[in-house]
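In what follows, structures are represented as structure tokens.
Note that chain A is present in both complexes that follow, paired respectively with chain B and with chain C.
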Partner chain A sequence: MGAILEVQGLHKKYENSAFGLRDVSFNLPAGAIMGFVGENGAGKSTTIGCILNTLVKDGGMVKIFGKEMGDGATNIRDDLGVVYDSNAFPDHLTPDKIASAMRHMYSKWDDTLFQNYLQKFKLPEKQKVKSFSRGMGMKLGVAAALARRPKLLILDEATSGLDPIVRDDILDVFLDFVQDENNSILLSSHITSDLEKVADYITFIHDGQIIFSESKDVLIYKYGIMRCTAAQFAEIDKADMLAYRKHDYQTDVLVIDRQAMEQKYRGIATDNVTIEEIMLMMVRGRSNG
Partner chain B sequence: MDIIITSNTGKPIYEQIASQIKAMIMSGQLETGAPLPSMRALAKSIHVSVITVQTAYENLQRDGFIETTVGRGSFVSARNKDFVQEEQQRQAEEYLQKAAEIGRTYHIAIDKLVEILKLFYEGDD
Partner chain C sequence: MAKTAPIRGLLYFQFQASRGNALPAAFIAIAAAVVSVITGNLFIFNMSLLIAMASLPLLLVTTMASKNGLWERYQLSMPIKRGDLLAAQYITIAICALFGWVLATIVFAANVVLHPEAFGDNLFAALTSSAHAFSTPLWFAGLCFPLASSKIGKGRDELISSMCLLFAVGINVIVPMLSERLDFAPYILPLSAFGISAVVFIISYFITRNLYHKMDF
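Right after this comes the complex of A and B.
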């Protein structure tokens, strides 16, 4: 299956700021959910801005559905659904009114589908958006994005700040969406437990650079953390370490192939890792490049 | 059909899925030719990613338990007695290997381990 979204060598600098994207590249295959993770300010929203062409990139290329995304690519936008972290609709509108506006804006807008989502999310059709809670606003955003029948859904921090029940509802809808194996989702978030549940791939950005873009199962089942004593740490070949972090009484070492390392260094306690731990190790720990 | 996913064992989720489907095939609960749920549908209902179910199905296929045809889905393969025996032996080997590793690490004599295994196998009746 080909890539729905290809990002190649993206560069972006801001004036008066040291921060910038440097050579950001990754591919999102069709039918997959990709979690795009990184700490606040790592470059997630800048990358998404460059993908959507809402930010002007300094270099690199973005291809969506195999076509280059640019100012004139309106046909690509027709197949894109985007949800941001805040309510995007004017306060005085009701879901009903939003539907009548969207109907004229998007060629594939599906009223019945929108009504279904409103019911599923228990959103009142005739209530003003102003009175919605954050969770309701988010659900409305997701409903409106999906009712456009997109093939690629992009969410920028959309599930952050929601309670676990609402997140679960929304994740359910995401898994529904990818029942069609031509549909894909790019989901930026720093809540990694959600991603551990449903994401197929994890792309990790740090300080404007991609650290890895990898299958989630490889990350959580193949990667490992070795909990070492000072003496054990000294024995480990530097080439086997992806990153390490020294604590007062133990040193944690992130390794790529947990099983091989268990064989090579017998007697060192080795754990599976969570995405959160990988992030912490890569950002806080020291790497051996 | 029940598939229980727990975070209590150290077992990867794809292994949990594969081993439970294997068990259902070996016990005859899933008969030859029976269809398995589609990967995407199973992923949705147990709330795991598609790629995890895909890995489970690929392992089942590699081990000869199921067959997958593009566009039609996955089905239980024709069973074979030797094959079941082989699979069970493989499982026993896995546990024995663990015992051997513990023995080696903590210097428990091989004779002692064999003796314990014999005791368990023959029962204490």
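Right after this comes the complex of A and C.
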């Protein structure tokens, strides 16, 4: 399966700030949903800004559909759907006016599909977006993104701040979208439960660096957490530890190959791990290095 | 696959998005025009038009730049180039300027016809005043856009747009006063200011376009 989005060695610095992207690289295959996770300020939006060229990158390469993304790449953007973390449309616009403008912008804009999504999401066609709730605004963003019939959806914290029912509705729409194996989604979020539900791949960014980019199944079924006493912890080979976190009476150790570790350290209880636990261990815990 | 017209789409977005804010300013100018034609009083019209012409681009700019630039960022994710986005903004300002100029010209022409005793011998000087209506949005945008897009303007959008608004109005108040003091023909300085504003506006577009290519949104 070819990569629909390739990010290689991305660098971005900000003036008067120590934060920056450092050598960010990952690939999103066609037909897949990639969860892009990290705590607030980790670099998710900066990475997406560099991918979309709304931020000028200092180095590296972004390829979408095999072509380099840049200011002149309007053909690539014709196949992109983007949804931000809040309603991006100016307050005085209404959904029908948005459709009127989008018709001029996108070669594959589909009015019928847009109407269908408005009905599905119960959005009033002639109401100004300033009177929309946050959930309605996000649904409008999703409808406007999908009605242009994109091949790649990029969602920057689009499900954050929504109630679980609205989130569930939107996640179902995303799952429908990737039924077409040519379509892909890059879904930035810190709500790991959403990603566990829909994502095929998880890319984790921390402090401007990619910590891992891995299949979700590998993370959930292969990774594990060993629950150790102080004595057991002392016996564990440091090379087997990805990260560890000490609690009052126990030390949790994140390991890459749970089954192998169960064989190697027979007396130590080893549990499955959630994406949230992996994130916490990688950020809050200490690495073996 | 349908053929696209991105600038048209951007202009439609811009017009629809700012309509709610900009219409009251346009309405003030039109109402003042009607009052002026009925009463033959140009002072009220001149002042109202000046304020309206300065407010229109300000309202357009502030409407479009709302929500911490998220709308601009969103537009840049569409199949347009950065230069297209800027061109749409400059075209909108030019349309504002044309609106003011046409309105002012109609009002002066109507006043000359309806009140020949007051305006019959002063037509050319009156028409130069309509140049102010044209030049005010040009001065505003010509200064505001490159400044707001430069390093100096980072995070100072409101301050810069206020300063440019003051300048755009101020220059159109000061120039006629200077004309009187320097004993020039009444239309020389206003027409020069009009010409210079047009040149500044055009140069400003190219400077801002260059800045836009290096800008983070």
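What we mean here is this: the second predicted complex is superposed on the first by the 289 of 289 C-alpha atoms of A that agree within 3 Å, B and C clash if a C-alpha of one lies under 4 Å from a C-alpha of the other, contacts with A are read in each partner's own complex, and residues count from 1 in each chain.
One rule holds in what follows: a residue touches a chain if its C-beta (ideal position, glycine included) is under 8 Å from a C-beta of that chain, and two chains touch if they have at least 3 such contacts.
Just so you know, these numbers come straight off a predicted model, no measurement behind them.
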Chain B versus chain C as contact partner of A:Leu93, first or second or both or neither: second
Contacts of A:Glu6 with chain B and chain C, given as first, second, both or neither: neither
Which of chain B and chain C A:Glu277 touches, first, second, both or neither: neither
Touched partner set for A:Leu52, first chain B, second chain C, both or neither: second
Partner chain in contact with A:Glu157 - chain B first, chain C second, else both or neither: neither
In the superposition, chain B vs chain C on chain A residues touched: C
Partner chain(s) touched by A:Asp194 [first = chain B, second = chain C, both, neither]: neither
Partner chain in contact with A:Asp78 - chain B first, chain C second, else both or neither: second
Residue numbers on chain A that touch chain C, as the complex places them: 49, 52-56, 71-72, 74-75, 77-78, 80, 82, 84, 86, 88-93, 97, 100-109, 154
Chain B residues touching chain A - in the complex, by the definition given at the top: 10, 12, 14, 40-41, 43-44, 47-52, 55, 105
Contacting residues of chain C [partner chain A, same complex]: 1-6, 8-10, 12-13, 16-21, 63-64, 66-67, 70-71, 73-74, 76-83, 213-217
Contact set on chain A toward chain B in their complex: 31-33, 171-172, 175-176, 178-179, 181, 197-201, 215-217, 220-221, 266-267, 272
